[in-house]
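Take a look at the following structure, please.
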Amino acid sequence: MNQKFEVAIIGGGVIGCSIAYYLAKEKMNVALFEGNQIGSKSTSAAGGMLGAHSECDGDFEVFFPFARSSQYAYSQLKEELNHLSGFDIGYRKGGILKLAYNESDRNGLRSILSQPTVKWLDKEAVREREPDVSSNLLGAAYMKDDVNVMPIAVCQAFAKSAQILGASLFEFSPVLDIQKKDNSFLIQTATSHVEAKHVVVANGVWSTTFFKQLGLDHQLTPVKGECLSVIDEKATLKHTIFHDHYYIVPRNNGRLVIGATMIENDWNERVSLSGMDTLIAKAKTMLPTVADMKLDSFWAGLRPQTFDQKPFIGHHPEEEGILFATGHYRNGILLAPATGQMIRDLILKRQIKNEWVEAFKIDRRQPLLLRR
Amino acid sequence: MNQKFEVAIIGGGVIGCSIAYYLAKEKMNVALFEGNQIGSKSTSAAGGMLGAHSECDGDFEVFFPFARSSQYAYSQLKEELNHLSGFDIGYRKGGILKLAYNESDRNGLRSILSQPTVKWLDKEAVREREPDVSSNLLGAAYMKDDVNVMPIAVCQAFAKSAQILGASLFEFSPVLDIQKKDNSFLIQTATSHVEAKHVVVANGVWSTTFFKQLGLDHQLTPVKGECLSVIDEKATLKHTIFHDHYYIVPRNNGRLVIGATMIENDWNERVSLSGMDTLIAKAKTMLPTVADMKLDSFWAGLRPQTFDQKPFIGHHPEEEGILFATGHYRNGILLAPATGQMIRDLILKRQIKNEWVEAFKIDRRQPLLLRR
Amino acid sequence: MNQKFEVAIIGGGVIGCSIAYYLAKEKMNVALFEGNQIGSKSTSAAGGMLGAHSECDGDFEVFFPFARSSQYAYSQLKEELNHLSGFDIGYRKGGILKLAYNESDRNGLRSILSQPTVKWLDKEAVREREPDVSSNLLGAAYMKDDVNVMPIAVCQAFAKSAQILGASLFEFSPVLDIQKKDNSFLIQTATSHVEAKHVVVANGVWSTTFFKQLGLDHQLTPVKGECLSVIDEKATLKHTIFHDHYYIVPRNNGRLVIGATMIENDWNERVSLSGMDTLIAKAKTMLPTVADMKLDSFWAGLRPQTFDQKPFIGHHPEEEGILFATGHYRNGILLAPATGQMIRDLILKRQIKNEWVEAFKIDRRQPLLLRR
Amino acid sequence: MNQKFEVAIIGGGVIGCSIAYYLAKEKMNVALFEGNQIGSKSTSAAGGMLGAHSECDGDFEVFFPFARSSQYAYSQLKEELNHLSGFDIGYRKGGILKLAYNESDRNGLRSILSQPTVKWLDKEAVREREPDVSSNLLGAAYMKDDVNVMPIAVCQAFAKSAQILGASLFEFSPVLDIQKKDNSFLIQTATSHVEAKHVVVANGVWSTTFFKQLGLDHQLTPVKGECLSVIDEKATLKHTIFHDHYYIVPRNNGRLVIGATMIENDWNERVSLSGMDTLIAKAKTMLPTVADMKLDSFWAGLRPQTFDQKPFIGHHPEEEGILFATGHYRNGILLAPATGQMIRDLILKRQIKNEWVEAFKIDRRQPLLLRR
């Protein structure tokens, strides 16, 4: 095989598949390369909260509008992707309750509470909605627009829809090398050679590999997240509850997902006993009745963390044909649609909000590395 | 524990759970006993077609209207159960194509084609809708109202909704003995004794046990059905296709379910190599491109078959407090709502169509056994 | 089917399969009925320690010699069963260290330490053998003869060997009813009727059902045990370690099994979050390095507990053709060979140690129930 | 991390782990890098036959003695590795029957039958040993020394033993780049940089990547092999049976492994329906009773094929510090010990049979590529 494509995407997680989808919709000739199976790594490990509010730590100027636009895109994607691919992405309303146990917690919520879409509920109001939540609460910030989806279903629905629209997907095809050749790039995988005008690096924490190959000295740090799921026989929980980076998400199959630990620099994709221990302790604090629930499953994934915990989305500083869409840290599922749209617009040279370009460009802080 | 209930249901498959749901909605005090886990036996093995038309072999007077009313109930249940329990039952439109390879097949479809909701498509029309279907076709009967659901999700959604409405569910609680005591019944399980005014026997092919205990000489024959699922990477199939009791059902998770063999009197719930062989051969005949698809999973379940392949739904001939809801053969998922409603109406002494009562009563043919 | 057998065994766990094996070796015509799959319930949940010493709480007159004879039988069975069936039962030496953290623990070990096969190791000697064991130890009782096996492999090896020697095994065949008929018994299963001279009730905690049917007022209480396994990448542990009914068993596939909780009267065969929590806490106390190990799997099973925690092995008090072999509590795997041999000897009217007959007969304490 | 090692091994399959083991035994300071988990790719998909005879197609001068020496090594490794690591490698005798259905098949066996360790059995003699084998046979070549092992257990036992002897194992650590630096090599993984005097490329079909990086124009072709396993309830089979590259291997857990298809240039590691179809058809031809056996599992792996189907074992033609141990095609498990020993001897500059060096060197045919 020695095919030519307009765009080659490296990485078949939710980011890469969203990009493939939005480009295929524009009739671009797209190829996506995934070393393993579509959505089988960090994507499948995600909780699936679309926490535009709950994950926003104070940046209401740039990050929040970007996240909101992405969250909003999902409300349309659920029909659009189902229509095309037959997939159900498990879009589930309910909202998120960000719990406060004390005044300090409440202060931490102050900025988010200033948003019109968020309101403070005191303990009684929280427990009216969720009677089994801890009685040690002060109250909670209620973000009614923060919904959740099934991450693996989102990713596979993007992939299949892209394919139906003409994209070429290559699973079990790790990309080994990218070489410039005249005005395009030669991509060598374990299985083939292809040529592409544009290359998008979108393989999460493993993108670091290509940074160096492409003359950049950037780093992504893995932050391992461990999760477990339990069987909620009594339909205890209606809302996602959230405290201190931990969450309990109710799914539309009767399960609660409890996540997630934050282990920096651990590349091992298995769950440790100490991680389980932490998750159980934290879950019991938020929702004491989980202690009696039955364990269903457990898993882990690696979040790609940048220096400022914002993603890298944009062109290579010197090589316009190369683009990055990685480093989404805790927010890959949430930001996938907006990232896909932004990469599409960059490639098609459409207008994009300048503050997003500036905020997410890869060279926003670090100087360029001298080329080899 | 020695609790009292108005109704005790034996069996936590889709039939028992539907009954529990419809009774709990009427504020009846209901207990359901399942020897294993909710929905873990035949229910979880079902394909999930709501084939009111495709499974109807000519009985348009009684069986078909009953099946249609049940099929129709699903279109409301999908919201109702989701609202109550948070479950998504995977309701998926698309319709069923019952294939005809030759005139003899076409003749077999004649009676169904007389229904106004069914139409004949010739080969070109079929392949316009489903380009990958076998080119050896003559055509197909298209039943656009025959949709599909996820059986295990339906069953768990009924169960959890019933529980939320006040029903008591006991998993891992096989019922061992039913004894009459004054005006009610003592039910002994491996784990408890309870008392109930009404007892509903709804545990599929294993109901035979209770027939004998209850003075009836009826038999249910197991008809094992083996299935497999494959990954349909290219979203080949939009409709369920069906021929000669075999089917390929597209699911909303990118899988195709291929079913099902018909092995009489085999109680072994595992899949045999010869069953796989048959399924693959049959699937290739219907949809040649399945040969390249990747195997995802395989499983089997036991259909409970009565002498005339119609279910037993109704009172014990001599003991009004005992009811039966079993023997649903290939149609447990399809008929679950109508069965739940009928049992509810029998217990609450509401009006029911007399022809349904007559068609499904357990003593419609066989004489009573002398009591022990 | 209406076959005749000399012996019908109810229950395809390790006890029933051992009995089938020892009877088949004597050319008895044996049938075994299992409601599910061979070895799929409590047997598969067991840790597999052959803890003749470690599980013996002071009864050195009767229980200990019985347990030792059974433990000894395994040293021969490993070859015998492998030769017949091709199965490897995973017999693994190493011995058990019963840990003492303080003088009170040590006192609890006094009686076992009086045995010539057990010796006291002080902290240094323990940590020389097992460097990663807790440094808070006082020492440990070392029982070098207490080895371990793979329970499911033992059970399947017994079953297959019995079958090769002529026994008939019926899986997916729950026994529903036992009726006396002249000099034999009619056994009705969901799938068939058979006749047998002798019936052995050996289905663990579910045997209670038959007690009542057979005129006995005995009870078995389920004591749920939850377990987990971890990947011991560094081959940390050579010996089984044990404290306060919890244990960590190294397996010959690089896993450590951590067990087991003791939850009375819980029939639910799933693992609870609180059970996981307890196991992790306990394991960290014994072997702090487990915290970093990776979780592999988790499961639970129901131990059948009698009033005095000794099994019921012997004839029905009034009906010689009925025998019991159940209630093995924590010791099913350990006692399976000796139980199989004892039932064989009772049926064949061979000589048996009288103190074993007396200690294990079902009516050793409770009076008979009046027959229905 | 920036550690220095004497040897860095790329690939944690059975070949890499064997090399790590034999080097660690010599107290070499070894690091092994595996992109996924130890033994999780082609190794775990192998059948585990040690078919020195059955896989030998006529090369009795060089390949056969090499394979025999490796097969012989296993008879010692089983104790050695168990003693060190606690692992049981599932070494199982029984021998292999290479079936002949007709004279043409028999002619194909002529050369192997000339070996003193192989004998011809006519149909009656075959069916005396294996009564259920096809009755269409002419006879079989019986290779009594060809035994089998559990591939994943062998690999993990090598890995853990190596670790106990001091080797460093890095899972989830794909190697991205090898750079020469003075007299050693810099190895960059996704997770670290290390320095090593010697680098051994041993990652199967994915080794091609490094060939090019290291200036070689060699290719490994993937030949996908699909397998399934069934439950042999009746212990039908004692010997491995083999015909036309297909085999049925009895395992010591009551399963039969049926393998394997030969799909060239397919990198997709999933099992296709057509593969299942082929395996079932082939298995029924060899052992008709498999049709009734129950399916247990299915899987696939990629065999690395060289131009002449012999492995590449030896030094880089120009760069002595780089070694190759890959391309073992159908014989990775069989040849792992001999390969580990040969790489050890090459690094330690011990004497090796010259014909092995010549037969397996990577430049035995192809010219060198010009360096980039």
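Assorted remarks:
As written, the chains take the letters A, B, C and D, and residue 1 is the first residue of each chain.
By our rule, contacts are C-beta pairs under 8 Å (C-beta built on N, C-alpha and C of every residue); 3 or more make two chains touch, one makes a residue touch a chain.
Being a predicted model, the structure only gives us computed values, none of them experimental.
For the pair subunit C and subunit D, chains touching both partners: A, B.
More C-beta pairs in contact connect the chains of A-C than those of the other pair, out of A-C and B-C. In summary, the interface at C-D recurs among the listed pairs A-B, A-D or B-D; the equivalent pair, sharing over half of its contacts by residue number, is A-B.
Chain centres here are Cα means. That of subunit B falls 39 Å from that of subunit C.
Distance between chain centres (mean CA atoms), subunit A to subunit C: 48 Å. Counting only residues that touch two or more partner chains, subunit A has 268. Contact residues of subunit C toward subunit D in the complex are 82, 84-88, 90, 92, 153, 156, 160, 163-164, 169, 233-235, 238, 250-254. The touching residues of subunit C, counted against subunit A in their complex, run 230-231, 268, 270-274, 276-277, 280-281, 283-284, 290-295, 298. Considering their complex, residues 171-174, 176, 188, 190-191, 205-206, 208-209, 212, 267-269 of subunit A touch subunit D.
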